[in-house]
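Below: a set of structures, written as structure tokens.
Look at the two complexes coming up: chain A is in both, with chain B in one and chain C in the other.
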Partner chain A sequence: MLLKDRLALVGLIIIVVIVTAGMLAPRLAPHDPLHIDLSLRLEPPGKQFILGSDHLGRCVLSRLLYGTGVSLKTSFLVLGMIMTAGIFFGTLSGYCGGLIDNIIISVIDVLLAFPGLVLALAIAGMLGPSLTNVMIAIAAVHWVGYARIIRGMVISIKEKEYVLAARACGSNSLQIVIRHILPNILSPIIVLATLDMGSIILTISGLSFLGLGAQPPNPEWGAMLNDGRTYMQVAPWLMYFPGLAILVTVMAFNLMGDGLRDLFDPRSLRRL
Partner chain B sequence: MSYYIIKRLSYLFLVMLGVSILTFGLSRLTPGDPAELVLATRGVEPTREAISAIRQELGLDVPLPVQYVRWTKKLLQGDLGRSFRTGQPVSREIASRFPATVQLTLAGLLVMLCIAIPTGILAAIFKNTIPDHCSRVFALVGASIPSFWLGLLLITWFAVRIPLFPVMGRGTVRHLVLPALALGVGMSARYARLLRASLLEVLGQDYIRAARARGLREQLVILNNALKNALLPVVTAFGMSLGHLLGGTVIIETIFAWPGVGRFVVEAIFNRDYPVLQGYVLFMAVVFVLLNLAVDLSYRFFDPRIRLEGGQGK
Partner chain C sequence: MKAKKARFICFIIITVIATVLLFSGCTRKAPESVPQSPPPPQVLVIGEQFDLRGLDPATNMSDFIRSLIFNNLVELDLDFKKGSSGLAQSWQMEPDGKTWTFYLRPNVHFHDGTPWNAEAARINLDRLRKGPGQGWIGYIDRIEEIDNLTIRIHLKEPVFTFASDLTPPFQAMVSPSALSEEGKAVAAVGTGPFKLVHWEKDSEFILERNEDYFEGAPILEKIIFKVIPDAETRALALEAGQIDMMSGREALTVVQRFLNKPDFNVVKKMGQTSEVVFFNTYRQPFDDVRVRRAVALAVPWETVVPQLLAGMAEPPQNFFSPAYGEFLQPNPILPKYNPEQAKSLLEEAGWVTTAAGAREKNGQTLKATLCFGSGNEEDRLLSTVVQSYLKDIGMNVELKALESAALREALRDKQYDMIMIGQWMIPHDDPTTHYLRGYWHSKSTYTIFVSEKLDDMINRLARSMDKKERLQLHREIQAEILDHVPFMVVFHRNNVMLMNRKVKDFEISTGTWQLFRGLRKARIG
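Moving on to the complex of A and B:
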């Protein structure tokens, strides 16, 4: 248990470092991430470029630093969209019941009938390649999972004595939802969101790698890997560093998510 | 059981109805007029007459509900429309590439099982010792590594530096090794941990204690008595992650130039070949739903506890 906590702390520290690096990118970056200098193309890591330069002579380290902001910002935005939609429809469905519940549940069931990545790929593909469209596509697919879990929690909470008591005191539905139901579902949802953050980063960078997400010259990690693919034999650093950046970031969120889950989940003792 | 199957099938029908409406709606997401797009791909000047002619040809001149009914009618006859680009029926294009995707998926599954089962068993036997810690690290890295990066690393190391395997394409078994690894390794991490947890739970049960008390050797207890029961939750989780596997092949196929449906659909996206994309989504949803049904039914079949509940009409 102690080990888990310590690992979660390590995850948190890595996340703080990454977020800070992303925010301070304009100060930390040794070069302009978009500055093209063809005379300095494919320079190996060394004095001039710490992590080397890419096929257009751009500094890989600077691009990675700016890319941190791109990846984190998009992932947090997607998570925000997912949670807003999930909480809204999940609460609506669970609290109101009846016809509204039936309609929302049917929509959820239909969306869950698709393999997630396939549907996201299709929506992004139909809308056309761009980072915004990828974000819309991922959010459109992912919110259903949250809505379903939240609906279940709301249904179990709404029969609790304190909700009945609040209703007896004359609170209206909106007050009950905001004051009594939402605070009780928030912490498990935050755990879930932390655990999901990793997979969202992976999906965004994966779709960008396919060329659907961030468009050049935007320094997104997945897109950088895609750019460097052609040169991976002569300039392997173009492939190693962006991949490593994704791996470390996703790992940090997974570490923290695992730790938080054990803290909040009473079944954690069983899971060992 | 039969009651359950009927209930499940009628539910399936409703879901498929929803899936068809959603897929039909997907094509409305495209920016611009599809008629102009078809003209552009055919290289025809988009005059007003040409556009109205093509709208009639594509059936775009009638209201949406009518379009949907017409589309569904064709769909039920296995007609997914024609590719804008090649002019070939989408169903045929997908069918000709699907075996390659199935082959890759099965190979990925095999890799996953070959890694996950031994790792999971070892981690459970040596709980909280070095093998268990190693499996924990492996699980963390496996869950966090981007499959496309793993694919690139495998190509660099085992196809370029040490030319053990071909870089890309399909043909011999050796072509299959690297893409299957890229697909299977990441997933195996999760299943190893899942198997470990479920094994540990089973190993604490009375019948295992009884088997041990009868003096059976520990390996036999694990292999004969425990593993069979421990695999059940793994099978359920497996059904749920089939979607990941089906979606995951898209990226792996693109990296390794594997001639399956995944790579085909990525090309279609960049060619704005929307009928192909639409057909692919629908096809994958049908495959996914049927696979889940199969997993669900087999789970009920193998676990008598659930079979009984099902028989009582749950």
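Moving on to the complex of A and C:
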């Protein structure tokens, strides 16, 4: 069915290409991404540097390739943190109900009321600029959405007959959650995660652009965009290529997320 | 099926937008035609990095605006020499160095009509020495009004640099009518070439010309300062014609772009300040002079600075900027790029290369943080370069961008291994205070490196009343400091002003804080 959805297929192919390129960066990159050669600064795209060189004479293509790894790795890690926190608190709240549910849902509602990016900015600013801190900041803001959705699903599933049957058979709560509830909410969550991947990449690049994320000399797309800003008019390729990389990656994840959503559960998730 | 079609259309639209954006940067604006007649209005719009920030020139007003609204008793001219443009026409030091007589300029009035006289001078100096200027002229014992236009100042101790100490813009003379009882300036009323007429915080402030200025009224009728903190945005505003002029301060990378544009002028002059990297001499690894020297030998500033900041800054030549001419040693010993020597110095200091390529000593790896100002484009660039060159000699450097207040704090509290920052505490033409109160005396603010020998030399300089002996001491102190490599000079900063071609006759100053003084003679042509 995925094969029938052409756009999702395009997304998938792009993602595969990008991930491969990121993993093989040390082999594919024509130059050392950190090597500074001031006699070759701001070279336009050409034979020596396929995508040109930046303001310190570093190869833009090599930096983009290494940056792929940085962006994808951090995004996956952030996603991991979000999922862990979201699933834990979502299930806890949804399954236990009562006072625990009340407390957790109030915290979630308060956090949801803040604009996400502003809160992430504040947290990252407080912790100090570094990629790890930005990951923590984004995870701290994003997990609430997942927790809320998971809570909703858990509440609807825990009244289902097979859960009642399991309970009648003497399964304890932990077994019920792990064997019967989690497997049933996992597929929609994966779809959601794919859809969200794009926005996480975008947020990380955004915070790096603002100087809070990756620190020099590490290549990261958002930071590369920011570095190129000063040279926008004399050397536009410093902004075009990282910008395009972000655009294409985010678009690919969104296309694939859309496709997966149609594939898995067309009715319940379209409303989200 | 419908949804899929919509998505396909979205995909096409995004692709088209991306392509359009890709090429939109290539179009060029036609130069705006400048009308020849009638005579253009004498209104100048300046894009400025900092807000006015306050009304008191001694405390909170932006350092760069003070010299437009106020005058000092003694002032530095555009070439950084004590001239006769101040509110004292001449002055005289008794041989003991403790008694100074100032002959004030006659027929001068503050913007509000209050006359400038001995009483106004005394009130101002009293306010400064007891309040905001205490650190600078707290050594004044008492002030005597001889007649309406003469004051005699008695000092507690001989101070050779007294006249120079009166020149920084924070020692400005404010109308006595604008001073509150606690000695704060509550209105910006001075004697300067321009008057403050409007101020909207963090947005804009407007100055109008002082028709009665004692050196003749300026040609410009009005100067509008628009506050634009970001250098790149200022540059775009200049190109778009929204502002006529901007300072290249902390924006040298932006200035480079304008060097070859026919519609714009770049006015520059070697400034008073330099950019330096201080080492923290109190903790590992820079408590060892060999490590400091190794780092200083590892970066080829002679090639890096011209390549990155061509024409905007000079590679290290001396302890201070060449603007300090006679105070400098003729042949200073500055480290010259020599990575091999740097590596062997590190080996000598016990930092040996391990299998992994890093250097270690007693199980610790050789690493250091380098702090720099996050708003400073050229320092950001150069820090990355330092990081790369130090990697070549086996030192791992972590970069830390700090806001300007945090950077100052880091310097004061010694929260750094290396810190790239401007060379301060050289507010006027004699750099004595730089050693004594700034960095190199055990009682100074930042105590970068101190020793008894150095203290002794600096004390002798502070007491000396003989010009020739003083110059000799200046050079010896600099040589003594350089010998311990507690810092390395990164570049000597040019003062740079970017302007539209229609701004004529602007002359820039050597003094950083007097940057806008040249506006008195500028005109729109």
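The working rule: the second predicted complex is superposed on the first by the 263 of 272 C-alpha atoms of A that agree within 3 Å, B and C clash if a C-alpha of one lies under 4 Å from a C-alpha of the other, contacts with A are read in each partner's own complex, and residues count from 1 in each chain.
FYI, a residue touches a chain if its C-beta (ideal position, glycine included) is under 8 Å from a C-beta of that chain, and two chains touch if they have at least 3 such contacts.
Model, not experiment: these values are computed from the prediction.
Contacts of A:G116 after superposition: chain B is touched, whereas chain C is not reached. When both complexes are overlaid on chain A, the residue A:L238 reaches neither chain B nor chain C.
In the superposed model, A:R229 makes contact with both chain B and chain C. By the touch criterion defined above, A:M251 reaches both chain B and chain C. When the shared chain is aligned, no partner comes close enough to touch A:V163: not chain B, not chain C.
By the touch criterion defined above, A:Q215 reaches chain C but does not reach chain B. In the superposition on chain A, the chain among chain B and chain C reaching more residues of chain A is B.
Contacts of A:L34 after superposition: chain C is touched, whereas chain B is not reached. By the document's definition of touching, neither partner reaches A:L65: not chain B, not chain C.
Of the two partner chains placed by superposition, only chain C is touched by A:H55; chain B is not.
Common to the chain B and chain C interfaces on chain A are residues 129, 211, 229, 232-233, 236, 247, 251, 255. Listed in rising order, the residues of chain C touching chain A in the complex are 4, 7-8, 11, 14, 18, 22, 25-26, 231-232, 253-254, 257, 303-304, 307-308, 374, 377, 380-381, 383-385, 387-389, 391, 398-401. Touching chain C in their complex are the following residues of chain A: 5, 7, 34-36, 38-39, 41, 55-56, 129, 211, 215-217, 229-234, 236, 240, 244, 247, 251, 255, 258.
Those residues of chain B lying in contact with chain A across their complex are 14-16, 18-19, 21-22, 26-27, 29-31, 127, 140-141, 143-149, 152-153, 155-156, 160, 197, 200-201, 242-244, 246-248, 250-251, 254, 265-266, 268-270, 274, 277-278, 280-281, 284-285, 288-289. Per the touch definition, chain A reaches chain B in the complex via residues 106-107, 109-111, 113-119, 121-129, 198, 202, 205-206, 209-212, 222, 225, 229, 232-233, 236, 239, 242-243, 246-247, 250-251, 254-255, 270-272.
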